[in-house]
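Two complexes follow with chain A in common, the first pairing it with chain B and the second with chain C.
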Partner chain A sequence: MEKFGFSLSKARVINYDANDRGIVRYIIEREPSLKLCIECGCCTATCTTGNFTDFSLREIHILLKRGENEQVREKIRKCMLCGKCILVCPRGVNTRNVISVAKQAFRKTEGYEL
Partner chain B sequence: MNFDPFVIPFNIGLYFILIYAVVRCIIWFRELSRPDKLRLQRGFFGRAFGQSLKEIFLESLIHRKILKSNPRLGYMHMSLAFGWFLLIVFGTIEANIFSEKHLNHSYKAIFFRFFHPDHGKTFFENSYAFLMDLILAFILSGLLIAVIKRFSSRVVGMKKTTRLKPLDKIALTSLCLIFPSRLIAESLTCGAYGTGSFLTGSLGKALASFLPANELAYPFWWLYSLSLGTFFVLLPLTRYLHIPTELFLIFMRNSGIRTGDKPGTYSEVEVHSCSSCGMCIDVCQLGFTTGINTIQATYLMKGIRNSDELYDVAHNCLMCGRCDNICPVGIEISPIRMIVRRAEGKEYMYENTSKGYFRNRLTVPAPKQEAGTSYDFLPRLRQEKTDVLYFAGCMTHLTPSVKKAMVRILDASGLNWSFMDEHGGVCCGRPLMLAGNDREARELTNYNSQLIEKSGAQTLVTSCPICYKVFRESYYLDAEVLHHSQFIKSIIDEGFIDLNFLQKRVTYHSPCELGRRSGVYYEPREVIKHVATLEATAFDDENSLCCGGSLGNIMLSRDKRQKIAEDVCSKLTECSPDSLITACPLCKKTLSQATGTRVMDIAELAVEALADTPGLKMPRSRSKKKLLKEPATSLR
Partner chain C sequence: MGRHVVVIGGGTAGMEAAGRLAREGVSVTLVEKGNELGGHLRDWYHLFPNRRSSDEVLEYLRGLVSHQNILLMKGRKVTGFSRKGDEFAVSVENGETINADAVLLATGFDLFRSERKEEYGYGIYDNVISSADLEAMFRKNELKLVNGNKPERIGFLHCVGSRDEKAGNIYCSKLCCVTAVKQAIEVRKVLPSCKVFCFYMDMRMGGALYEELYKEAQEKYSVSFIRGKVSEVAVNIQNRLVAKVEDTLVGRPLKMELDILVLMAGMEMSEDGIRLADEAKLKRGENRFFQPADHHFGTNMGNIKGVFYAGTCTAPLNITETISHARGAVMEIVNYLNQEK
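Showing the complex of A and B:
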């Protein structure tokens, strides 16, 4: 076969359909206000933990919705549940419960899929 | 006549419940921790014993606390408990005096009239019969209220009454049948023999005039015995277990045993002592403002007894402590709720064996240690040496006006002070604890403790009651912890700042964490009275309301929080004050979104009243003034 100097590059596509969205479904079932999130980032701006590290609740919400759970599992443990994010949220998302239920979901699915 | 087959059901019930009580006590005693065992022994042979007897008489029989807060409901409980007690005591005396031999079987006292139908001929016998009738009438009046309460709880001045499970209903029915069947049985027997006093005698005469009284009496004596027997056998499975358990609770409490933070005998006795009276339902703001009627303390206790799924019940609570305050039995509800929250992750706290008659506690599996710490990213902060350390707290950073006011006051006081979390600090850990994550919280408390230790401060001032409570109770600090209202009070007393009197009428909203949870009512009031006219409201001190913003509740939606806040505001601004004063940044934030009245923190009020003092112009931490006197501790 003739070689033209082209090759198949490694796929850089994230296939959301293949991701496991069970965790986010579990959270929304228990805390429906997560659906209201517009990813404005107010929570990240005020975050106590975010003051010291790159922890971002907005990022966590996005990752959860995409089903990229493995990244969230570690990040989520940095939250201090102090509750400032609830007070600044313009949409009334109960962010503390999102974190709490997500932790619960990860604990339940240790090694399993929902 | 000394025996009749109809007494058998009663006897079975009675001996069953006595044996059960003994076995249960042995199991409970064995499960107590060693120090608690010693406490109980010391309490049993010490002064606490007399105190317990007095309390049992006042609370378990007379129901003094319920009588005080709700006379009609109190009368209902008193007539059933105290009346039954009197009936048993006087019945036993009657049986022992008037029957041919003394020291009879217990059933002789209960069914005295059946075995001595012609009793009541002489004057002395007749007056005794009058007394017994009076007691029976006393009980029946209470029973009538209880039956009406089942259909319309408003009659006893309650908005809601407790929902029951089927077994409770059977027990309730048998309990309701006991006294009417006794009345009819006695009346018929009396009617047949022409004896009895004003109640049984006259009713018996009326019935005997058109009924074959002597033949009809026998089935009613059977019914009386059967309903007593059924009630005794079902007692351990239903809420009526509170009748014997409350006695143990009073003994244990007076011996100095407390709930603590792990499930144990005491918490189990507390859970079983709940009589489901429903007082906690009426004071619960989630109930009367947002219409959530499934999570109140009585349902929590019922859920634990029945091993129900309790995640929602345990977590959907403001932890305001209003129910702890009102509980007539004195159950420590919030610690029990926290135990259930901590037990999250495994399915049940208790399991049932032998169809619920004996329940074993599950041994709590140690939580799986997650690798590494959660908060290893926290920087090694430096902390300068100082006398007074000010910790604003997360919530104060969201209400900058409080922070600014405190900075001005601290500067004006001329004390050597330093701002611990000026550029954003670490959470105090209480929000994590309230969510049941104690292990994570400990990392934060350790971090903050080191920082406070490094500063060498003698006084730690915080603006947030949530932080105040945790600093005081879970930190083990050398420094004295003061809420800023206490601090302002002490520097006024020391003369470090001068405050003018403002021409203002204000009301005070006492934050739950500062008031009911920490017992600080006096200092904030004194500070407010020092600078403004404080108007009284119907919700002062112990009776104060929760603003709705509570971090204790992780599940409540924003709409419902807003609803609670609006309700609280409308109640506190009834006298249309110039401002609504609070001492918690979270309360301020929540309330100010729900009212047109200006909501101010106590520090802001103080700054408004601040007279020009020389200290104000001095840069911070130059002065050498020190707090001389020990600041006044809170008056509980």
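Showing the complex of A and C:
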């Protein structure tokens, strides 16, 4: 078939109602401090990984809350679990455990490889 | 000079000031345009930050104004006032004139009329309501949709009519953030299965115990906060509201269905206050509220000697601040009456 160079762009909109928030529910049950995040970005600012790659723990928190799981599944592999983020969090979120539990949650779903 | 003061407006500020003036031995005429004292407080259910019933505060204020030095005039509007020598002549509807040695304006605020932000659909879609409408629902214990169903998801939209040049108000009304948080908690208490979202530009929790309330809303009541201002509201084929917003912390647009959208209406200088101010040539600021003689030392006074201000006719204030401001006005008035004597 002739190709004319046209393509469809995927919508960038977060469709909140279509997204599955099972992963974030799983995390909040085990690490309820995730609810306290105020998106200040201290975790990202102090994160070694974040200083060398596009890894942002703040972004991961919010993507989880919106049910944008596929992006998170890839991104969290970069975390080295050093825990500096916990030290700087003004709201006392156990940020490292959020990542650990998130990994657990993804492991329970199909297709995850560590 | 005598010791008679006319207080215009029988809301929180007017009642507090009248009661305190009376206790200082000043004779007071308290004029209220409505048939009841208490102002906006009568429309509110619980007050932040401790969710105390507004009826308790009303009871305190009513106790304060039942004093032999206070003459109450309810259901009467002040039409204007003018200075004649040392005295003021305050004219009241149906032709009566009251003489006074000083005038205290406690004309309060009007809630922003949410239909002015047409894109949010207030007055167009049944389940788009204002923060005041929600308080009325709480008071009647009737938190439900127009069709009688229980809401499963409620959104709160901050800054409706505040920080918005299109609405003519660049200032922050400063109470709506904490009101939204308080109302979000109330919703979760009444309907624990209902999910609650706050759409905000900044969380301005600069008051005693506000931040604590915000944290409690997250921790104990699982209220979700989405940073972004809803740009428009529509309904889908199921007749459910659909809000469009940018989730600015993700950097992508987001759409969400809602059963009820609560518009956090801001505070504006009252229309009656504007009318009185302009007639008496009292200066108003760019935000239309009375312009104080000095932003630090003179917030109870304006540009006419013997005319004083109390409460939200000067700026958005909460109940605590309004009461303190009214007490400040009392001190200024007593000083004025003593000096002029």
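Convention: the second predicted complex is superposed on the first by the 97 of 114 C-alpha atoms of A that agree within 3 Å, B and C clash if a C-alpha of one lies under 4 Å from a C-alpha of the other, contacts with A are read in each partner's own complex, and residues count from 1 in each chain.
By definition in this document, a contact is a pair of C-beta atoms (placed from the backbone, for glycine too) under 8 Å apart; a residue touches a chain by one contact, two chains touch by 3 or more.
Just so we're clear, the structure is a prediction, and the values are computed from it rather than from any experiment.
Student: Do chain B and chain C fit side by side on chain A in the superposed arrangement, or is it a clash?
Tutor: On the shared chain A, the partners fit.
Student: Check the residue A:C40 against both partner chains and state whether it touches chain B (first), chain C (second), both, or neither.
Tutor: A:C40: touches no partner chain.
Student: Looking at A:L81 after the superposition, I want to know if it touches chain B, chain C, both of them or none. Which is it: first, second, both, neither?
Tutor: After superposition on chain A, A:L81 lies in contact with chain B alone.
Student: Name the contact category of A:N15: first (chain B only), second (chain C only), both, or neither.
Tutor: In the superposition, A:N15 touches chain C alone.
Student: Between chain B (first) and chain C (second), which does A:N97 come into contact with in this model arrangement: first, second, both, or neither?
Tutor: first
Student: Chain B or chain C: which reaches more residues on chain A?
Tutor: Chain A has more residues touched by B than by the other partner.
Student: Determine, under the contact definition given at the top, whether A:R107 touches first (chain B), second (chain C), both, or neither.
Tutor: Touch status of A:R107: first partner only.
Student: So, does A:F52 touch the first partner chain B, the second partner chain C, both, or neither?
Tutor: Touch partner of A:F52: chain B, not chain C.
Student: Working from the superposed arrangement, determine the closest approach of chain B to chain C, counting only CA atoms, in whole Å.
Tutor: 13
Student: With the touch criterion stated at the top, can you tell me which chain A residues are shared between the chain B interface and the chain C interface?
Tutor: None.
Student: Which bits of chain A are touching chain C when the two form their complex?
Tutor: Residue positions touching the partner: 12-17, 28, 32, 35-36, 38-39, 58-59, 62-63, 65-66, 68, 91.
Student: Which positions of chain C touch chain A when the two form their complex?
Tutor: Interface residues on the chain C side: 203, 215, 218-219, 222, 224-225, 227, 247, 249-250, 252-257.
Student: Okay, in this complex, where on chain B does chain A touch?
Tutor: Chain B residues touching chain A: 344-345, 370, 374-375, 377-379, 394-395, 397-398, 423-427, 429, 431-432, 435, 437, 440, 444, 549, 551, 554-559, 586, 589.
Student: Where on chain A does chain B make contact in their complex?
Tutor: These residues of chain A touch chain B: 31, 33, 46, 48-49, 51-53, 77-78, 80-84, 86-88, 92, 94, 96-97, 100, 104, 107.
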